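The letters A, B, C and D name the chains in turn, as written, and every chain counts its residues from 1.
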Amino acid sequence: MLRGLTRAGAGAVESDERLIELAAAEGFQAVDIDAAGLIKRHGADGAAKWLDSHGVVIGSIGLPVEWRGSEEQFIAGLPALTEAAAGAKALGCTSCCTYILPSTDWKPAHFMAVATRRLRICAQILGAYGIRLGLEFVGPHHLRTAWKYPFIWTMDETLDWIEAIGEPNVGLLLDAYHWHTTGLSEIDIERLKAHQIVYVHINDAPDVPVEAVLDNDRLYPGEGVIDLAGFLRGLHNIGYTGVVSQEILTPSMPSDTPENLIRRSRIGFDRVYEAAGLAPAGR
Amino acid sequence: MLRGLTRAGAGAVESDERLIELAAAEGFQAVDIDAAGLIKRHGADGAAKWLDSHGVVIGSIGLPVEWRGSEEQFIAGLPALTEAAAGAKALGCTSCCTYILPSTDWKPAHFMAVATRRLRICAQILGAYGIRLGLEFVGPHHLRTAWKYPFIWTMDETLDWIEAIGEPNVGLLLDAYHWHTTGLSEIDIERLKAHQIVYVHINDAPDVPVEAVLDNDRLYPGEGVIDLAGFLRGLHNIGYTGVVSQEILTPSMPSDTPENLIRRSRIGFDRVYEAAGLAPAGR
Amino acid sequence: MLRGLTRAGAGAVESDERLIELAAAEGFQAVDIDAAGLIKRHGADGAAKWLDSHGVVIGSIGLPVEWRGSEEQFIAGLPALTEAAAGAKALGCTSCCTYILPSTDWKPAHFMAVATRRLRICAQILGAYGIRLGLEFVGPHHLRTAWKYPFIWTMDETLDWIEAIGEPNVGLLLDAYHWHTTGLSEIDIERLKAHQIVYVHINDAPDVPVEAVLDNDRLYPGEGVIDLAGFLRGLHNIGYTGVVSQEILTPSMPSDTPENLIRRSRIGFDRVYEAAGLAPAGR
Amino acid sequence: MLRGLTRAGAGAVESDERLIELAAAEGFQAVDIDAAGLIKRHGADGAAKWLDSHGVVIGSIGLPVEWRGSEEQFIAGLPALTEAAAGAKALGCTSCCTYILPSTDWKPAHFMAVATRRLRICAQILGAYGIRLGLEFVGPHHLRTAWKYPFIWTMDETLDWIEAIGEPNVGLLLDAYHWHTTGLSEIDIERLKAHQIVYVHINDAPDVPVEAVLDNDRLYPGEGVIDLAGFLRGLHNIGYTGVVSQEILTPSMPSDTPENLIRRSRIGFDRVYEAAGLAPAGR
């Protein structure tokens, strides 16, 4: 498993280039950045060299398509998707991720039908570039009623949706926070095959009842109550070898320096990997 | 367009064989019966001869799979589906239909995902036999809240679902009652291409506000307030050449003889086809 | 059916804008041009106005993807495909076409597998924009052995391929020349449903044995021996209402003026439509 | 990885029940038998108990559909497929396999299109039962010209075909004999992900030039020249945990007793697992 960083939790990092440097400095092996943007600034060769020289790969790109809005918005995003996918491919990145809000103002069954078609098209385009699409279910209870109707939020519902989409390159983004807030355990991870997981997010939660956990109140790995040792052990046991990327959503950006924040992350990773019995192998 | 009969509205007809005789006697050209059952009783040749000798074809078979229940129920129905499809193919029937309840006790988005996969499998199996799958949206307002959550009930939602299923052999079953209760007009039919319609049901509705129309309170064609002339004109104008089959759901079976009821249907068909300007061409 | 023009047979027309003027002047209703290019030069509104003011629509765009070469070439074309599709959609064009060479230097089964996946991706992208993909089988006998192995060249093989691709928005481009050189008749067209045909090309062939007909030796409609009356009658009888677009491939560009050439085309269309009994309805 | 047996190489075993006993006696963990047949004779519970009591699972069932012949033959097999799949599911078997002949008398591209559709339907039906479809490429050189045209025989061609079929539950059956006769090495296995492999066959080849290896001239594992240590090491290294099942095709059935033949197989397995460094873990 590769240790990765997103910008969420890294503080005021001024550029993707700087994030790569900072990640490398603390032994992180992957970052989630805009691959096409890096190529635009450095050329494909320059971008690849920058990554290589820091020993860092791009873990995942975000899905640059608004699949939750109007049909016009959706198709307006498809050219950007081909560009993003081409950029990711050029830099060896094979994952693209999006998240699923657990409630909606649409009639939910209709939205599910429309979104199934839309995400299938996205998956087909990504598949042409050898990229997989990871769908992140979102667990915090307050979001399940934040909009008019329930949508989906469990892992099993998401697996059913992946089957409905029906493309071989679609799988789960498994986020520790949503795993925690939907009441899952190590055993639930062990029900999966490694290839069903496209990507993994890691973070921690405060010691409050699971129903009260807020989506943007996340802690650094090892600083909260999530059983991250079990989470990582489950992933290891099923043979997951992809990226485990930190994503810390907070009400406001942490004010400490990126250097300090990323060191803190590294210490957190060390702690939870060790607790999982994975310490040396994880790096 | 072929004039067709289902058993709903035909009274106490003792057998599918008798329905074929009665339909033929009043000039109906199609019946909705159990193709595999007819073959079981007469052999494929005998069944085909019985139909031919009466100048009647099988319009559509019902989908013999419980796609709204448990996964066990669903897969338990697949052997019956291959048998039903083989029977339909042997007798030249190319349509299979099912209906969509407009509300559900499932979480609706999850049910949509599961049902999308299930109906896709049904469509694939039917497609192997050259049979199309028609999905009937169900309009009466009281059914939209009969179960806990709204599902889908409009034509446009159903078209979106058909795209989500993604198989070329899936289309609409357009029922005059649901067309009426969802506020559609001739113009809405003219937005369609003929091949998007797999099958058509005809019937009529009492003169009550559209919100108060009950699903099982249907009238014979021409005896109510639905604009069946516009309905048929729309179908004719887009080049629909399939079956228009009567389906009269009522609280209890009509007590008149099948002969009288089917004559009454024939008179109703004559009236509404004439009103649509299709009288002679329709037969 | 709409009468259409491609540039093939129209002579040295200096621009797509001029082709629209010339087409309109002779009563043609559709042209095959680069929609995205027209928008680039005039904006979407300006392009739409130019078309509207001449009473002409865009019949079809070409597929701007090299699906017969390397994987790199294929995916390099996908951004252009999204751009072309967006342009077509903005101008109301709903068809995109490509042709199938009847022999190949690839191992043919392997090429079929690769091309099935590639054209499915193209169809999915086009489908997002409401555009259909038409596949043109190519009949001339000399091309069947022009490369090492036979590929496919009959209508039935192409229909089987369309099923293998499996997307609802893929159909045939039916070209009179290939219909002629594969020995088809009016009856073969009447085996089709209208929606299976995405697009139609019209042209004529010299009076030589069908095995000797050369692909780039085409004549203007009505100037050769193809049974274009039967061709058009078949299309009319199954309810095809799309474009019938002239495509005259010749060894060198005809030297007459575009005005004269397009008038000659118009006279040819008049003649063959009249022979088909479609003269007034066709315009 | 589970050690498995097919009947090919086991001699004159009188029944599937006896094969289970014999396999268990030598420590084999899986057999390839007719699941539906076992259920027919013992009921689902009785069949499951027989397997459990011998510590043996069913590795794979054969695909009971003739997908290489006429369309009538193909669809005639679909009811048997639903029955076979239901039987496999009832006994916990999740693999179904078929093989690909490397040449064909069909026009190969056309056959590829037809077979893509047919195997997709099979995969969909199997998928409904949670079963994967494994496609076995067949390498011996003499079969590449046994019929009129080349079809496909390499692993990469088969992977491309799997993408053309487009169902998530389709993967490779990797047979050591075909791996050997197509010139593959351990490194080629390591290019795969474990989930791309549905099933594995093991056997050995005589010491003749690879071009001269005959398909039905197979040896027991460890008695020939195939690098089975590299084969097994590659599978182990990518995390394959499924069945490795012996399949020894020979001109005539070996005359030794099943007991002796299966003991010989066990000794062969021991030898090649040990050579791969997997000896104790393999059992």
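The working rule: contacts are C-beta pairs under 8 Å (C-beta built on N, C-alpha and C of every residue); 3 or more make two chains touch, one makes a residue touch a chain.
No experiment lies behind these values; they were computed from the predicted model shown.
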item	value
Co-neighbours of chain D and chain A - touch as defined	B, C
Chain pair with the higher count of C-beta pairs in contact (B-D, B-C)	B-D
Copies chain A and chain C touch via same or different residues, half shared test	same
Distance between the centres, which are taken as Cα means, of chain D and chain B, whole angstrom	45
Between chain C and chain B, distance of the C-alpha-averaged centres to the nearest whole Å	37
Multi-chain contact sites of chain C, meaning residues that touch two or more partners	120, 163, 166
Complex contact set, residues of chain B against chain A	104, 107-114, 116-117, 120, 149-152, 157, 160-161, 163-164, 166
Chain C residues within the chain A interface of the complex	74-75, 78-79, 81-83, 86, 89, 120-121, 124-125, 127-129
Residues of chain C that touch chain B when the two form their complex	163, 166-168, 193-195, 239
